[in-house]
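In what follows, chain A forms one complex with chain B and a second complex with chain C.
On to the complex of A and B.
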């Protein structure tokens, strides 16, 4: 789902990066509020963990593999603001060091994967989990639901960003200047694989990882979260 | 004559039992291990190239970052295919002068560009996706597949081909530009450059620590995957695989939490109080001036200042 360079116009990239600026500011303000020696490694280890999740090849039923995004799992365990920084840093390292996702389109990728996915997934999780006990089937189902919907909303946002390019940026002779696929192609092309395969893989991995976290180290969901994010804790 | 058992008296070896699978099993462990090895190799290459003498290595990192952003914007804004093609020639020459071989350049720039950008934009060359002036007809007239009637003509259009080539060239040029910056600059110098260009200190600190511990965790994950792979004799059910991945992620999350506390204790013991160290002030010299002049000239050409076609 990482948007490479060349698919989005510079103005789209700048607009989406502009949309991310207040989100990064709020996330780093939350970090600065408790910027002590414990906070920086906490966020860095979150970013390392985000990178590791994205590294994993998840087997899917068609016999191939897919990559998990992990934004919702990180938001559930570390909090949604910490997830913004952790996933953004992982995306930046991927873009710079491994060419996975563009540098100009980093803001767009961060908006989709570091904001839309963790925030929507996290609040759906909280809503669906209610006050159910830790480790209950309802809480795990809520995590899976949050991951499924969060990933698909991120995929929808990516598809819309692709799909509006030919509407906005086409030469006089009809040559599309950036992504050539309109909304009628981009939305089904992005959503069909995510709704039918990738979303379920993400949901299963999120729920199972959360099951083991709650079983082996339940303190991580509370103790690992500094005071700045207690207001949004589950 | 001794009686041989029937299986020993036959000339043909007995066939080994074969597993019947409904789906081809994807070796997710091998794939993840290969990805980790690729990342490790990439990092080793980067460390080696950044330490070598070369054209871009001595340029001050801040100036390189500013130049990269200018070039990325110019590449994204240009609609000239000849200018983009000329830029690719220049990028290959710069890579060679900076100690990056042609094979490395092709593998890291053109292979991913063709695989990801090229394949994705391929359908856009056809008239069904991008209508326009036909160049080559795949078929003409109505084509029926049973009850399905395909549109009257299918052709490769000039507009579709132009759009696809432009996306491919832009994508490859951007990959090449980023690779040249990252491979010729040490990571700590690059993050300090980000900081001096206004990126919040908290991001830079997190970025530095993430990079430092990322490779340690990747090594641990590789050991973990290898251990699992070595112990797997029979097949795994799809649920078993997902259970194992979930358990592994939870284990690594716990490990990351433990490391976070240990690193914090070590940083406190060394006097860290939460403030990031400012980047050392370096005065740009003539090399930086030449670099920026070249960047401005390239941007001028890319944006149509000089018409290459």
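On to the complex of A and C.
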């Protein structure tokens, strides 16, 4: 769901980048306050994880492909603000070096994959996990649920950004200037693959990876820190 | 402890060519030729924007090597750059305290 160059109007790109600016600012402040030096390499590895997981294209029966993104896992382990930074860095390198997602649409892609996905997924996880113990089945299920819904909300946001283009921007002869497909096409086209396939991949990867992190280095989880410290970082 | 996670990331990078098995393009990520075939025209904004930024390794491919090798090289080069960029950014914001 990387929006390529030219699929969104420059004004749309500017607006969505504008929306991201305070989020990046807040995420940077939160990371500075809440992430100790030991967690910085961990955050960078989270960014690498997100970058790599997005290379695993999954075939969709309609002939397209989709992929997981890893943002909810990073949010659960290092906190949602850290996930904003980690996924944004992955998206930036993807856009600059690989042309995966536009450079002008980087802000839009960051809003969807580095903000909407980790934040919604993280809070759904918190809600569903309640006060269940760290390694419990309920907590892992909550992580899977958050990952599934988070990825799909990112797909929905992407679809809306695609879908409003032909409503807003057409040439004098009525032909679309940017994304040619409206909401009625874009929303099902984006959501069906993510609801039926990629969402489950995201859910499985998130639950398995969380289980592994809990087993290997439970102290790395932000939630393991005292509650007061977590408050100041958010 | 971090060594274990590095190992996992290296294994992931080595397995990325599996992502090439999926044929086709993600919805909404078509190139100009695909759009021409689908619509009979290329929307002007897409046509104009398509070439202003020339990615060095477009679509995770490397000139002169095969698709799989290009994807593997992209996975390792990209991972290294993502790691360095993230570390650098965190250092910069830590210094601006």
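Simple rule for what comes next: the second predicted complex is superposed on the first by the 197 of 234 C-alpha atoms of A that agree within 3 Å, B and C clash if a C-alpha of one lies under 4 Å from a C-alpha of the other, contacts with A are read in each partner's own complex, and residues count from 1 in each chain.
As a convention for this text, a contact is a pair of C-beta atoms (placed from the backbone, for glycine too) under 8 Å apart; a residue touches a chain by one contact, two chains touch by 3 or more.
Values in this document were obtained by computation on a predicted structure and should not be read as measured data.
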TODO: Please work out whether A:61 is in contact with chain B alone, chain C alone, both, or neither, and reply first, second, both or neither.
DONE: first
- [ ] Give one of first, second, both or neither to describe whether A:103 is in contact with chain B, with chain C, with both, or with none.
- [x] both
Task: Partner chain in contact with A:9 - chain B first, chain C second, else both or neither - done: both
Open item on the list: After the superposition on A, what does A:28 contact: first (chain B), second (chain C), both or neither?
Closed with: both
- [ ] Check whether A:186 is in contact with chain B, with chain C, with both or with neither, and answer first, second, both or neither.
- [x] second
TODO: For A:205, decide between first (touching chain B), second (touching chain C), both and neither.
DONE: first
Task: First, second, both or neither for A:173, with chain B first and chain C second - done: first
TODO: Based on the superposed arrangement, let me know which partner A:158 touches: chain B (first), chain C (second), both, or neither?
DONE: second
- [ ] In the overlay, answer first, second, both or neither for which of chain B and chain C A:1 touches.
- [x] second
Task: Footprint overlap on chain A, comparing chain B with chain C - done: 4-7, 9, 28, 31-32, 35, 40-45, 47-49, 51-53, 55-60, 63-65, 85, 89-90, 92-93, 96-99, 102-104, 171, 175-181, 212, 216-217
- [ ] Would you pull the chain C residues touching chain A in the complex into a rising list?
- [x] 1-2, 4-6, 8-9, 12-13, 15-16, 18-30, 35, 39, 41, 43-50, 52-53, 55-60, 71, 74-75, 77-79, 81-83, 85-87, 89-91, 93-94, 96-97
Open item on the list: Using the touch definition from the top, list the residues of chain B that touch chain A in their complex.
Closed with: 23-26, 28, 31-32, 35-36, 39, 42-43, 46, 68-69, 72-73, 75-77, 79, 108-109, 112, 116-117, 121, 124, 129-133, 158-160, 162-164, 166-171, 174-175, 178-179, 182, 190, 200, 202-203, 205-207, 209-211, 213-214, 217-218, 221, 238, 241-243, 245-247, 249-254, 256-257, 259-261, 263-265, 267-268, 272-274
- [ ] Over in the complex, which chain A residues touch chain B? Could you list them?
- [x] 4-7, 9-10, 13, 24, 28, 31-32, 35-49, 51-53, 55-65, 70, 73, 77, 85, 88-90, 92-93, 95-99, 102-104, 171, 173-181, 185, 201, 204-205, 207-213, 215-217, 220, 224
Task: In the complex with chain C, residue positions of chain A that touch it - done: 1-7, 9, 28, 31-32, 35, 40-45, 47-49, 51-53, 55-60, 63-67, 85-86, 89-90, 92-94, 96-100, 102-104, 158, 162, 169, 171, 175-181, 186, 189-190, 193, 212, 216-217
